[in-house]
Amino acid sequence: MKKLINDPADVVAEALKGVAAAHPDRLRVDHEQKIVYRRDAPRQGKVGLISGGGSGHEPMHAGYVGLGMLDAACCGEVFTSPVPDQMMAATTAVDGGAGVLHIVKNYTGDVMNFEMAAEMAAADSGVRVESVVTNDDVAVTDSLYTAGRRGVGVTVLLEKIVGAAAEEGRDLDAVLALAQQVNDNGRSMGMALTSCTVPAAGTPTFELADDEMELGIGIHGEPGRSTVKLAPAREIAQQLVEPVLADHDFTGAPAIVMLNGMGGTPLIELYLMYGEVAQILRKSGVEVARCLVGNYITSLEMAGCSVTVLRASDELLKLWDAPVNTTGLRWGV
Amino acid sequence: MAAISTEQAGAWLADYAQVIGENAAMLTDLDRQTGDADHGSNMDRGMKAVAALDVSSFDSPGALLKKAGMTLVSNVGGASGPLYGTFFLRFAGALDDGPDDASGLLGALRAGLEGIEQRGKAERGDKTMIDALAPAVEAFETQSGAGTSAALTAAAKAAARGRDEATDLIARKGRASYLGERSKGKQDPGATSMTLLLESAARTLGSA
Amino acid sequence: MKKLINDPADVVAEALKGVAAAHPDRLRVDHEQKIVYRRDAPRQGKVGLISGGGSGHEPMHAGYVGLGMLDAACCGEVFTSPVPDQMMAATTAVDGGAGVLHIVKNYTGDVMNFEMAAEMAAADSGVRVESVVTNDDVAVTDSLYTAGRRGVGVTVLLEKIVGAAAEEGRDLDAVLALAQQVNDNGRSMGMALTSCTVPAAGTPTFELADDEMELGIGIHGEPGRSTVKLAPAREIAQQLVEPVLADHDFTGAPAIVMLNGMGGTPLIELYLMYGEVAQILRKSGVEVARCLVGNYITSLEMAGCSVTVLRASDELLKLWDAPVNTTGLRWGV
Amino acid sequence: MAAISTEQAGAWLADYAQVIGENAAMLTDLDRQTGDADHGSNMDRGMKAVAALDVSSFDSPGALLKKAGMTLVSNVGGASGPLYGTFFLRFAGALDDGPDDASGLLGALRAGLEGIEQRGKAERGDKTMIDALAPAVEAFETQSGAGTSAALTAAAKAAARGRDEATDLIARKGRASYLGERSKGKQDPGATSMTLLLESAARTLGSA
């Protein structure tokens, strides 16, 4: 295992030291609880937005804390959901009197830990908490006999859009409804060329031959739906976009598209892939109104990518374009 | 008086913490094959925190085990944190409220199992830790007439059997469920750590 | 070789298709010549800024084209400097009557190709061209018996700062002098955990054992000064920062610091490294006024990082903070 | 009339393009060891473009070789683009202006060498393509009394010797210079492609 780390047990804590050192102007870090706060949280009257999850997906979520996006991110160990104490503390800290929305990715661990936190918050602090669970991963086709679709790329788009709505002063019900709308209208599919190595484990999570790739992965280095033959970018784009388009109607509305890298794939390849994806979308009658190309929701150093498509609307585009000032996404300010 | 003493509960936790430490790499490796390669480090982080509790400061086994459950919830994260945490929290409550014989322990085990089922919304056959715990509770019940020690030994054996039988199943809950057919033939990490818990109980609570 | 590509010969051309598809609002791409232009170039009366180099360093340079930074980037093949025709065409296209500055990284190929372009531009078009050659890499200690120090991280900071000055309307002499000042006051040092694979070559450029790392690398996947034992992040930070601080005085002035990833190292490790670097700088009396942590000047999928420190001033900080709207750096707009 | 015909110049370029195609992987592999793994693909891209020129449309060997030089400058990039480009540009100028015997070819070769030296600011012993070309020009001069064919054969042999002798040197120019001591013992890619160029000349310009 070759990583820029000290002790594998300290990776998250030490990375947060770096985050605090790099962004004192925008962020405040609770090192004890491993929570990254927007410097000026809580904002009176604004719905508080918190998210969190295992670490190793950077810039998500800590990179999305700031004006126009999250108020706090709870950082778990690598690929391990945070604990309810963190969500409790963050909930209390960011509540500005308008309640708090928990943005949860649909993984058993995340859902259970956030659930416990919401139960405890309701009992202890009296803060009104609502939750949205993202589940946009079309690779999971069977949701009856599985833990259900995973929350992946749409989480990023949702945090941006819902963040803008909260910043605008919308109330918790409106923010929750919007979050649901975004989740319902977004789909993703991912693939990996290589596995990744969890620092504490020390060896790659799965093995792939030189001529194989993994299709339908999540974001935890877990193996995907199937191991298939390595293919040219053009075919990979097809294999990612087709199941996305088959699962939801993206025509007749502007779309927001994200071509996301899994952490170890260089930008030149991501742009090449975006070119292929854009061409397929064009041919399929999907009108791309906004796009992101880069590493936004990753699996440590995994090589690979995912495609997310969100059926938007003029309102969603307006919220998308609203100012955002986080370390991972920034514009308009 | 509960079915076990505070010291016994303390011995159980200490023993389990040690066993988890010894098996962390193995558990993580199982999780590497069907999950995200963290079950061993998750459990080890949690049980190390539990092992640091001062047993002498608790005045009932339930109080100690409740604190252990809360400690797991606060330190583990992932799926296993809420599940093992809930197990100990419910176990603790039932234990302190229950009779001081084997049936008290049975009630506690059953409460723990129900807690896991409610929290995780899984059932037997989904290829989770339940596949070790549920048969263990049944076996304990069947053998509880023969005394706590015999019942715990039977429970541990049943857990191991359940863990092994689950290996052939297709996972329907947790991260392994994303693998579908590919999860078949892989041993479930949570069922494995649960078996270790029952084996540890058999070693430490047997004289109850 | 596992990459998200089609034919290795088409990587640059196809990646540029993706760039064009992703950013039609901000960029214009000449696919024939492989030049990425700022959408609204040429700007009358503004000094034109062009840079370029081999591809494989993304987001550099195409990711730095836009308001407040470059007017054009000439994209060579992977790790191969662009050809004079490209710089000629870009020079003519971005000249707004105030002359053009070529920002060149000190590599034999880049220097010679840009030199030929400047000679041709002077002869053919009458556009006044000046050049700055960046050479901030302290890993090259001997400049008499080598091709001289390589241009690395400072190039990014220079493009930002000089871009702001050009945007402000400063004339070519002033912009050139500023560029020299930035180059003279910046130093960098890099390391690699893994090599990278040039698509057309198909195999990794160098080999490293599991317990080795390469110290003093450039940005072309070329081996570095020495292969040394793999070390914890804390020691690596020391090995990078010490030669930088030994080469220039960074005390008594605000510093701009960049902790740059080589392309294959995830953000969590880069932040961890930044934490270590920040601590050393603090202990050494260097006051960090601004910083960047991320992938800014890369070597394909190489794992590793580099540290760049620039001795700034209030004026440089003001230019640093000025609005920039590129796909790689964006703020204030 | 120049020292060689337009057809001969065309044959030289065609032969070199083919040889480069055959040796591109080898050249890139040498560059992998001391540089950035692109010398073969650089030269191949350039010579493929050169090979596409219509020889019959040029009315002097110098015109053709000048266009070849410009084509290399416009298509290769990196260090080798300007260097080989300059070589052919200068070679072409001297050839058309020079006498029609071996001394005309010598003058062209020397002009090419000087062009590379000026453009790259390197000298013999820096472990570059000059270490193959400079001894080749010398050998050609020594043998030029024996006729073009013998002189070219001697030049090609001297180039190969120079290339091999340079292997033991420490690079002082180009990308390999960053390696310092570590460049010792590695064969220089540019000296290798330059040797191929002179061997190709011996094959195709010999009857001049």
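Here the chain labels run A, B, C and D in written order, and each chain numbers its own residues starting at 1.
To be clear about the criterion, a contact is a pair of C-beta atoms (placed from the backbone, for glycine too) under 8 Å apart; a residue touches a chain by one contact, two chains touch by 3 or more.
In this text the structure is predicted, and so the values were computed from the model without any measurement.
K.L.:
I'd like to verify one number: the distance from the centre of chain A to the centre of chain C, where each centre is the average of its C-alpha atoms, in whole angstrom.
P.N.:
Roughly 29 Å, centre to centre.
K.L.:
Mind checking the centre-to-centre distance between chain B and chain D? Centres are C-alpha means, answer in whole Å.
P.N.:
Computed from C-alpha means, the inter-chain centre distance equals 75 Å.
K.L.:
Report the inter-centroid distance (CA atoms only) between chain A and chain B in whole Å.
P.N.:
Their C-alpha centroids are separated by 32 Å.
K.L.:
At which residue positions does chain B touch at least two other chains?
P.N.:
none
K.L.:
Which positions in chain C are in touch with at least two other chains?
P.N.:
Within chain C, the residues that touch at least two other chains are 78.
K.L.:
Graph shape for the chains shown, where an edge means the two chains touch. Line, ring, star, complete, or other?
P.N.:
Topology of the interface graph: linear, an open chain of contacts.
K.L.:
So which chains actually touch one another? I want all the pairs, not just one.
P.N.:
The set of touching chain pairs is A-B, A-C, C-D.
K.L.:
Enumerate the contact residues on chain C facing chain D in the complex.
P.N.:
54, 76-85, 107-109, 112-113, 115-116, 139-140, 142, 145-147, 150, 198, 200-201, 203, 205-206, 218, 220-225
K.L.:
Mind listing the chain B positions that touch chain A in their complex?
P.N.:
Per the touch definition, chain B meets chain A at residues 28-29, 32-38, 41-42, 45, 73-83, 119-120, 170, 172-175, 177-180, 182.
K.L.:
Using the touch definition up top, name the residues of chain A that touch chain C in the complex.
P.N.:
That would be residues 2-7, 11-12, 14-22, 55-56, 58-59, 63, 78, 193-194, 210, 213, 230, 232-234, 236, 259, 263-276, 278-279, 291, 293, 295, 298, 300-301, 303-305, 327, 330-333 of chain A.
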